[in-house]
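Structures are listed in the sections that come next.
Each of the next two complexes has chain A plus one other chain: chain B in the first, chain C in the second.
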Partner chain A sequence: MTEYLIRRILQSVLVLFLISILTFLMIHAAPGGPTQIFLAPGLSPEAAQIQAHNLGLDRPVPVQYAVWLGNLMQGDLGHTFKNHIPVGDILWPTVKNTMVLMGAAWLFSLLIAVPWGIYNSTSEYGLSDQTASFVSYIGFAMPTFWFGIILQEYFSLKLDWLPLSDMYTMGKEGNLGDLFMHLILPVSVLTLGFLAAYSKYSRASMLEVLSQDYIRTARAKGLKERRVIFRHALRNALIPIITILGLDLPILVSGAALTERVFNWPGMGRLFVDMAVAREYSVLMSITLVVSVIVVLGNLIADILYAIVDPRVQLGSKGGSST
Partner chain B sequence: MSSAALEKTSGTAPNLGMEKRPDGPWKTAWKKFRINPFAVAGLVILAIFVVAAICAKWISPHDPTRIDMMFPNLPAGSKGHPLGTDELGRDILSRLLYSSRISLTVGFAVAIVSVFIGTLVGAFAGYFGGWVDTISMRFVDVMNSIPTLFLNILILAIFGSKMSYMILVLAFTSWMGVARLVRGTYLQLREMQYVEAAKATGVSNLGIIFRHLLRNASAPIIVTATLMVGGAILSESALSYLGLGVQTPDTSWGLMLSNAQEFMLTDPMQAVYPGLCILIVVLAVNFIGDGIRDGLDPRKTTIPQRRLAAWRKKFSKSGI
Partner chain C sequence: MRKVPKWFSSISVIALVGVMLAGCGGNNANNAETTNNKPANTATNETTNTNTTNDTTNDAATTPDPNAPVDGGTLTIGTFSDIVSVNPIYINDTSSGDIENLINAKLYDLDRQGNLIVEPWSIAAELPQISADGKTYTVKIKSTAKWNDGQPLTADDVIFTYNTVRNPDAGAPGISTVDKVEAINKIDETTIEFKLKQVYAPFQYSLYSSVVPSHILKDVPVKDLKTNAYGVDPAKTVTSGPWKFSEWKQGQYITLEQNPNYWGEKKPHIGKIIYKIYADQNTEVQALIKGDIQMSEAIPVTQIEGVKANDKLQVILEPGPLYEYVQFNFKDENFPDKYSPFKGQKTRQAIAYALNRQGMVDNVLKGTGKLMNSPFLPGSWADPGDQAVNYQYDAEKAKALLAEDGWKPGKDGILEKDGHRFSFELQYNAGNSRREQVAAVIQQNLKDVGIEVTPKGIDFATWIDQNITPGKFPAILLSWSLSNPDPDAESIFSSKYFPPTGQNGGWYKNEAIDALWTKGQLTIDQAERAKVYQEIGKEISIDLPYVFLYQYGLPQVVDASKVKWAEEDAPESSLGYGYLYHAINWWVTE
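This part shows the complex of A and B:
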């Protein structure tokens, strides 16, 4: 187990390292090069040269990368180009807000989707199952941001039940009830997307478990159907769902970014779009890295949990040393 | 040689109705596709949209870019403007028609390019194995760990938003699934005896990869490609909505939505049409993809799953 853990962590670090190189190179591959990007426009060639030297842009790319990575390790994400604000100052609050939105949506969709999928597996092709597959077709084909706009038009503008956008009403910052009201619409939008995927996964996973021999044995010895489902099948059916949750994180993060834009939610995704329009490259690079760290960590945790929960998983190449 | 001999014998054999060969996989697939109501409906709807996109020049009532400040925000059903006008007095129906051009072009182009990249990478990784495989799969891991939307925005922000860039960028961030799939198929196929035979007769590696193996791997590739079109249309609309995709003289459904959101107090219906268009097209494409997948899957019968399940229930005594 320890061996597997170490190997898996090293793998994640390697992936993150490669991502940092990729992002860095991408900025440097921009037309006109980094000097074009990081320097103020309209400088005379001489002034540009001096400023490039001061910023270290005239050094070889690997050296620049090493310096940047060194700063990153010390928590220095660089400064914004406009106003020269440290990137960390504007980034970290938005990370927290995104986590609130994502966490709520994630929890909510799991709470609905997994029981629903499991119920559907026991009544295959029933009314509820048909509804689920209809919802999933719509969920996969509908632009999430459009759904958001429609909800805004109906529930905020027409009925005036829920706030239109933002995280708090002005002057009510930190009020949990207010936060809850603001969460309802964006969370519904995100949930629809995940409802489709998760209920499908849990249904498929449950169906697979239900077709196995030990379930037949359990039924053959006369156990009640309820007990077969909840005691025998459910535990094993939940295992694959853990992996799916980890693998779906990139979609969750991307979906959150769009939803944040629609509802003006002060999160990472909205910041990313704003900064992309303003061409603040150090912020863009930092957010890409933070998002990647979230995804890689999520996958790592999912893999480890999977290995803990399912003893059949063969860990490591030797196999014998693991449980 | 042996096949020629076989043909000869079958040719001279008495006519027992055997000369009619059983349908090939593609014909079987088409037969199954044809009786799948969802798939056929998808095909018809997609055909309508494609025709509308091609004929947009002739069937749209107005120039989609013509600004007419005399009649802004007309409601649907106004004279000369079946779906009304937007905040600048541009005809919404015409804009929808012209938008379908961009969305469909991007959708299909992205699917083609990313399938091309994915197949190339996956085929080489799966066929050669070893370090080629390790490096390409590590790269796939890295690409999969950056959320696609963020990567798309980053690249478009750096290189600027042009339609050709957008197609390349979307393809560059969506080929990984195909690569994994093709690699898996090639890993299996390269152990086949006909590969050994081809090697023995001196066929080059490239010949084996593209002439012998690609055909056998083509079914899952085509299914993924179809399903990818829908995803690409959604991504395009998202990027255009965020202001990083299609730029103003041109128009796309995503861009129309971002305009509509600004003016939703005055004209809420404006936001409905483009979204419905996206929903319908993507739904149609996904139905077609599912139809092709079911058609090519030999385990799927022509009987709907639902009816099969009902039968099974009827005949099993346990009632499970």
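This part shows the complex of A and C:
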């Protein structure tokens, strides 16, 4: 297990390194560098040259990459070009804000979707199952931003029950009750999106397990249905769900750009779009890096959870041994 | 898609000149604080008046005057992009300019026609004295002016500011506005003398500018100024205006509070100003309706109707200091067949006749624009008015002119001349929905007269880098901002300013007009100068390096139930940052 973990972590570091090179090259290959954006049009070419030199933008791309990597090793994510603000000052608050929003939405939707999916697998095509299908279709088909606007119109403007946008009311930063009120609408929008997928997955996975021979055996032994479901079927049915959750982990930080935009949530999705337009290389690199780390981590966590839930999977040995 | 910030959609040389130089000026010095001599009905708008009708009772002695300014309160303004830095030397975007304007006093201010004036809140004590040879400007400043840390604002600060902008190591965008300056001398603590290398009339507007504190910045090496915390860290940003920079939550909001050391004789009424950043303009409009914010400088034209339906919201539709144009390229190598179809004057005039500009104003701009026929702002002192040719939409006349210029219909109906099809690409910045729609109208209008247009949206940064700056494009749809009221536009129309150093990216050359731009710079007397620009307006509208389309703006919305001003302090859309014109005299009610 330990050996496996070390191997996986080393692999991950290599992957992250390659991703960073690739991203760096791609960002720099895009035409129209930061000088075009933040230097004034009409600034004489000499003056523009001086500025580019001061910012190190006139050096070859590999040199710029080496400098960036060197700084990163010392924990320095760099500064923005246009106003020399440390990237961390901009990045970490948005990472935190996005995690609050996405975490709440994710948790909330799991709490609803998984039990609901499981219940529906036991009463296939019943009223609850049909409702779930209907909700799924809506969740898949309705553009999230549009749903968001509808909720804002009704619950904020018309009824005036909930705040329209933002994370906190001005002057109430850090107030949990205020945060909760602000979370309700965006979390509802995001939950509808997640709900569709997760309830379908849980239902399908459960149905597959319930059709297995050992379940029939269990039932034949005269076990109570409750015991069959929770004791025998559930653990196996959770395996594919865990995979999906692990792979979905990156959305916790990458954010939902559209939802964040509609609800004016100060998160990563918005930041990424703004920074891409402004060609802020250091911020873009840092965002890519953070998201990549989470992707790699998510995969790793999914694998480890696998081993815990599924005794057939043994990490580190070549080919799982089945009992 | 995300609406691009204002600066993105309207880069400009002229705006550049106005970078440090934009702000709230005024035309009336003797207004406001004394409420008793002001009739009760001078308040601004319908909403206010209807709200107050039942207050016109005879017990005025006991009821407070509802139109009297109230001190304190918070004005929350919605905006769509974050600031970069509020250091006036580096301001290059609208959001930073908004804040900079409120926290800094300016040397001089502007009246509604764009004339340089001295206001109670200007740093200067009197208008500049210009020497007989036109090369020396003497500026006297008020001895009362102070920084918000209590230090006096003196001639040293003014000299430090201008010398920094002049220094290429500083990388200040305003450098071109002071490149005619030879020396700046301190006569005494309150008198500064600017010596110019040559007579240069536009220099007067270089004095419409904020000042930075030399006692804070003089020891910073010039090349490090751009990365200095001044302008980014509120605690280190010492300024001289009615409000001060007190908090910046990146990507979310900026807070300004009253400057306790404000030196002006007239103090601001509004206690606190918050700039709240909205990523989505629809959300911003909803926030206006809900009352989360009391003003938006600009909402999309598509939202006008919805906002008008709300009684408390007042929409200001007057266009701003911006104009849109179609620019032709005269250089053959910028076309696939190495032939510029735009070289004939009659051809260009035909295109002007073929375009339904009024239709664009009515349908795309929803009435928030006015036709432009020359590069000078309508209503400003340099406006040539009727002297400039107004091309009325007339497809038949366009066809006749094209035929006169030798264009004949080819097999597919598209005009041809000397074996070249009249077909070109019209570029604009992708994501700008106004330009997308206008480009489609142009495509249709020109198709009607036998010209094939291919509209092409390009990412803004890419476009500037590869097409605009090097002058490599067939034709573009873009706009200029005229936030500096000086009419001089030599650097975009004269053949002295070809790329890469100049901004005449269409490679247009007309020696008669070149000479007129120079004459305009050499004429100090404003009435004489205005005649030169009338002449330019006439010539340029005949020769058409551009088709001037329209002056436009984005509608400003104000919650009139909360934000109040006296009539003479109303916003002035035609000036840069004019949506906050005289904000020092505004007040808010709860």
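In this text, the second predicted complex is superposed on the first by the 275 of 323 C-alpha atoms of A that agree within 3 Å, B and C clash if a C-alpha of one lies under 4 Å from a C-alpha of the other, contacts with A are read in each partner's own complex, and residues count from 1 in each chain.
Criterion: a contact is a pair of C-beta atoms (placed from the backbone, for glycine too) under 8 Å apart; a residue touches a chain by one contact, two chains touch by 3 or more.
As the structure is a computational prediction, the values presented were derived from the model and not from experiment.
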Chain B versus chain C as contact partner of A:L10, first or second or both or neither: neither
Contacts of A:L284 with chain B and chain C, given as first, second, both or neither: first
First (chain B), second (chain C), both or neither touched by A:V273: both
Chain B versus chain C as contact partner of A:L111, first or second or both or neither: neither
Contacts of A:F263 with chain B and chain C, given as first, second, both or neither: second
Touched partner set for A:A66, first chain B, second chain C, both or neither: neither
Contacts of A:H84 with chain B and chain C, given as first, second, both or neither: second
Partner chain(s) touched by A:L25 [first = chain B, second = chain C, both, neither]: neither
First, second, both or neither for A:W146, with chain B first and chain C second: first
Interface residues of chain A shared between complexes with chain B and chain C: 30-31, 37, 149, 152-153, 157, 261-262, 273, 277, 279
Residues on chain A engaged by chain B in the complex (per definition of touch): 14-16, 18-19, 22-23, 26-27, 29-31, 37, 124-125, 137-138, 140-143, 145-147, 149-150, 152-153, 157-158, 219, 225, 249-251, 253-254, 257-258, 261-262, 269, 272-273, 276-277, 279, 281, 284, 287-288, 291-292, 295-296, 299
Complex contact set, residues of chain A against chain C: 30-33, 36-47, 50-51, 54, 79, 82-85, 89-90, 93-94, 149, 152-153, 156-157, 160, 164-166, 170, 260-264, 266, 270-271, 273-274, 277, 279
Residue ranges of chain C touching chain A (in the complex, touch as defined): 2, 4, 8, 11-13, 16, 19, 76, 81-82, 84-85, 92, 168-169, 171, 173, 175-176, 223, 226-228, 231-232, 250-253, 274, 276-280, 282-283, 286-287, 289-290, 292, 459-466, 468-469, 491, 500-501, 503
Parts of chain B lying in touch with chain A, wherever the complex brings them together: 138-139, 141-142, 144-151, 153-160, 230, 234, 237-238, 241-244, 254, 257, 260-261, 264-265, 268, 271-272, 274-275, 278-279, 282-283, 286, 305-306, 309-310, 318, 320
